[in-house]
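Please find the structures below.
Two complexes are shown next, each including chain A; its partner changes from chain B in the first to chain C in the second.
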Partner chain A sequence: MKALLTAIVAALLLFVPAGSAHAQFGGLERTEVKEGYQLKPGAVQILVFRPDVHVGEQTTGGMNEPNAEWTQTAKAHIMAALEQEHLARGSQLVMVTQEDGEMGELVADYTALFGTVANSVLNHKMVRSNRLPTKRDAFDWTLGEDAARLKALGGDYGLFFYTYDSYGSTGRKIIQGLALVLGGGFVPSGVHIGYAGLVDLDTGDLVWLNVDTSMGGDIRTAEGAQKRVAQLMEEFPVRAEGVVVPEGTVTFDPPLPPDGPVDDEPVVASPTAAGDGQ
Partner chain B sequence: MKRLGKLFIALALAAGLTTPAQAGWRLVEKGEERKVAGRMYVTPTEDWNRSTIRPVSRSEVWTRDGRELNDLDFFMGIKDGKPLFRETHRKRAPLPKFDPAMLPTDIVEWYQDTANIVLGGSLFAITEVKPARLAGYDGVHFAFSYTGSDNVERKGEVRAAIIDSRLYLISFDAPSLYYFDRNIGGVRVLMDSARLKR
Partner chain C sequence: MKQFAITLAASALFASPLAAQDVAAVEQVADPAPLPSAHGYEPQDDLEKGLWYEMDEAERRLKQSKFLIEDPALNDYVRGVLCRTVGEDRCPAARIYLMRTPQFNASMAPNGVMLVYSGLLLRMRDEAQLAAVLGHEFTHFEKQHSLRLFRNMRKKSDLMAWLSVAPVRLPYAAAMATQFAVIGSVFSFSRDMEREADAGSIKELAQAGYDPRAASAVWSQLGAEMDATAKERRHRSNKKRGGLFATHPRTTDRMGTLAQLAEAAVPDASAAETRAAEYRAALGDWWPQLIDDQIALQDFGGTEYLLATLAGGDPAGWTGDLLYARGELYRARAKEGDFAQAADFFRQAIATGDTPPESWRGLGLALMRLGNKPEGQEALRSYLTLRPQAADAALLRTMAGETLS
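Here is the complex of A and B:
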């Protein structure tokens, strides 16, 4: 099965008409965001589900040879870059570790379902010629409201991401150069694809999905991984503005001074604090 | 790796790396009685999308969110000696053939044998079998479960009957998480609504 799939992909990449190289390999870069969606205000904790990172080398014939060392290095760089990116955005990442028992099964089941849902979005929303009429004006895929059970892991959102890199070997690059010089058409060297998606765990709704089939950044280096993560996080939902009101607190609008409002922010006070002030 | 392969193909499609015979999709509106792949009529209770590509003759594929998430298939009038699906490996993996002399329980076994070959090693299990009627004819209703190559556990139900020596079969399957429960009520109503016009 593995060999068959690899062969299919290799064939797809190899037998593309030379004349349409730009159109064929310009790559898809598309983002879907649930209309008007914003992260809730205040501290945001995002669960990161086992990131799928695969790095290998594309042989002269176009096949991929996985490279465990590159994969491990890339994974570490990507995680560091991801953490940095989200800290800058004011959100905190919570890495979902290998869980045992019922929670472990739940994580595995929802990770698998996310992959399937993302594939459906790719097939039926991002590929325009294959769009479903019921989805034409909607981005309403979901993992279901029971995904809220994952909140027990300590986050309000679930972030899933996947990257696949197959770097062109020297032989592959030579073939590419020769094909261009000799008029043999465009032979692609290297494959760099990835996607990332965010699920609101209150509703289970997929609220953001970003797909890029020609990603930049050599993720085997820290700088490259930062570039990659920045690309993966493009159009990530922003946080809603507003004041977070902790439970057990009371808000009130102070009476306006004769000259009008002096501050747009409502005053927030806990019952105790209010009592102390009187 | 299977998941990776599927994703790869989806991404290749998304990138326009290939132009396979892609399905077009047409809206099937709820509440309207609709002729399905021949002479059976059903009335859906929700909007569906119908593929313009038929897996075999006298068949139709409907989905709401994508076939991996809710797959409603109609096989209308399978003839004596024909398999449920088109045989892609006739010699290496032949599919069992329909026989009009089958009893309802034989249909269940035939479907299971077909699924085991098509799914290639996935654990496919029949979970319930009961007598039922399809379009006014005696038949069978059965439920099943399996885990696909994407590691998603799915549940499904089938309503089938042999009418005039041909097999009429409606099958539905969806991920156990959320999608099956969300859709199965409407699918059962649709199965109940089936009728033949002569």
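Here is the complex of A and C:
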């Protein structure tokens, strides 16, 4: 996660001079969705891993002073807003609290892997000047099929997100104003970075990733957090129309042609079948 | 000349906040505010709360780190040394994490998280030396050095921001000099705190009955190792590194100051303990693994020096473990003559009768590279008999001329 943040900050710095193509302050803002991807129909359970939220104050000189109270408030507001947002979309969030034992280790491993993969998307696709030719049209990153082991925690998707906010202090804002008036150049006041990604736990594929280096909404307030969550969830995959499973999400038949050639293994959304790696 | 005067005036500005900081530090001592090592201590102001919160989050991730050495025996031992050094009342405030990283380092976070690198464990010669490092880090913690450094940096970076929009612009050279002076003063503040922690470690060592000369010995060993590395790599020794932008005082300076402080604290250290045997016993099984990590650094000069000092400059000090390590070191470098030397060290190691089975593997691979296939294959087969489940067994079987089953 740290590495991704560093990359985002680096990207931010990179983009400041060439910013005209982007929104207001020229920050990187990109969303990638796996082509044609839709969430499966019926009840959708999304695992949410320990939210990585950091809120602090940007000092006059530009350092970040972490603030525990703001961070805790923001975390609560964001989680509430996130839950609301997903309820409106008809999906249910499942908070993952395991930190110990084998499952805790698995969660830590996949959180780290997600960070590395997301970093790779950022570097080799989202940053245009650094885009790999083979990734020009493709968004085909995956955490591997073993990610299905996470389904034992009670969800079919994994949502990872991160926000970093450093609110400009009074001193910083004055410096910003003075520098503009006195011709000292543009001094940015405040840093507001966020990203969110969704992993389909049946395949391990990264199906959606949204990165924004100049996010809006003051997450220290409930309304601001709602605005922020709406921005974070931009272009989030919608649910496929079709067969709605009446009850019990343990098994359901995917809407596949009965006798058609199927390359993939049949999708069986039961934790036991998914856990069997062979 | 005028510019120079302005620079001087500007520098004077920063001297005063620094002095003010010192006054504040003195007041802090006079004030009976609770120490972070006190039982049930809670962070006091917003900044301290914020730093603790961030560090607590980092600690959660640290607990899942793949680099964490979880061996309960080794953890208990290091914790025991800390408690012996600073006392049972204060030591519970620190939470020690042993990290498997071959560099020499240790660090302390404001919330009580102490990181100790395995490369440090490899380099300490006795328990008193480990105690010196733990006492140093604990002083950083108790005197709230990270908090104070943050405040110091905040104050100075704020100042630089204000100066950048000051209505009267300094001439370019003066502005540059001013920036250097401010940034330099942050590092100077950091060095002052290192000196304070060094002094603290001597106090703790003396109180605990450890030989306080151990603190200085840590730095003379490290300095000599830096020299050996520099000689091999043909650059200037890191031990002489210092100057305006150094976070720590020069190694040679620390060595001297620590020796003086130790002399003053305990004039006759003949009764003080070093507990070298206890230290070696506690490291026990970890030894070959730490050696492997060190060899992977590809620092031939430094490692050669390190092994020689660990052998104590005595031919009898070359135990099977150390000879194995030296063989691996030469085999890994693979320059002309190195395989012959390596094979020789492996043979000596095997002759001691107490060496890791990997010595046969090293001998076999070295002999194969020397073109001595029959003996090389025989050594590899000996290794495979001793370690049939080795990770590289399949590969070595092929090399040993055995058919794959």
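In the analysis below, the second predicted complex is superposed on the first by the 218 of 278 C-alpha atoms of A that agree within 3 Å, B and C clash if a C-alpha of one lies under 4 Å from a C-alpha of the other, contacts with A are read in each partner's own complex, and residues count from 1 in each chain.
In this section, a residue touches a chain if its C-beta (ideal position, glycine included) is under 8 Å from a C-beta of that chain, and two chains touch if they have at least 3 such contacts.
Since this is a predicted model, take the numbers as computed values, not measurements.
Once chain A of one complex is fitted onto chain A of the other, the partner contacts of A:67 are limited to chain C, with no touch recorded for chain B. After overlaying the two complexes on the shared chain, residue contacts for A:88 are found with neither chain B nor chain C. In the superposed pair of complexes, A:59 makes contact with chain C only, with no contact to chain B.
Between chain B and chain C, the partner in contact with more residues of chain A is B. By the touch criterion stated above, A:162 is placed in contact with chain B alone, chain C being left untouched.
In the superposition on chain A, A:108 makes contact with both chain B and chain C.
In the superposition on chain A, A:99 makes contact with chain C only, not with chain B.
Chain A uses residues 54, 108-109 to touch chain B in one structure and chain C in the other.
Across the complex, chain B is touched by residues 1-2, 4-6, 8-9, 12-13, 16, 23-25, 27-28, 30, 54, 108-110, 112-113, 115-117, 119-124, 126-127, 129-135, 141-146, 162, 164, 193, 195, 204, 211, 213-214 of chain A.
Contacts from chain B toward chain A in the complex involve residues 1-18, 22-27, 47-49, 63-66, 68-69, 150-153, 175, 177-179, 182. Looking at the complex, you find that chain A touches chain C at residues 50, 54, 56, 59-63, 65-69, 71-72, 99, 104-105, 108-109, 171-172, 175, 178-179, 182, 184, 187. Taken together, the chain C residues at the contact with chain A in this complex read 46-47, 49-54, 60-61, 63-64, 150, 153-154, 156-162, 164-165, 167.
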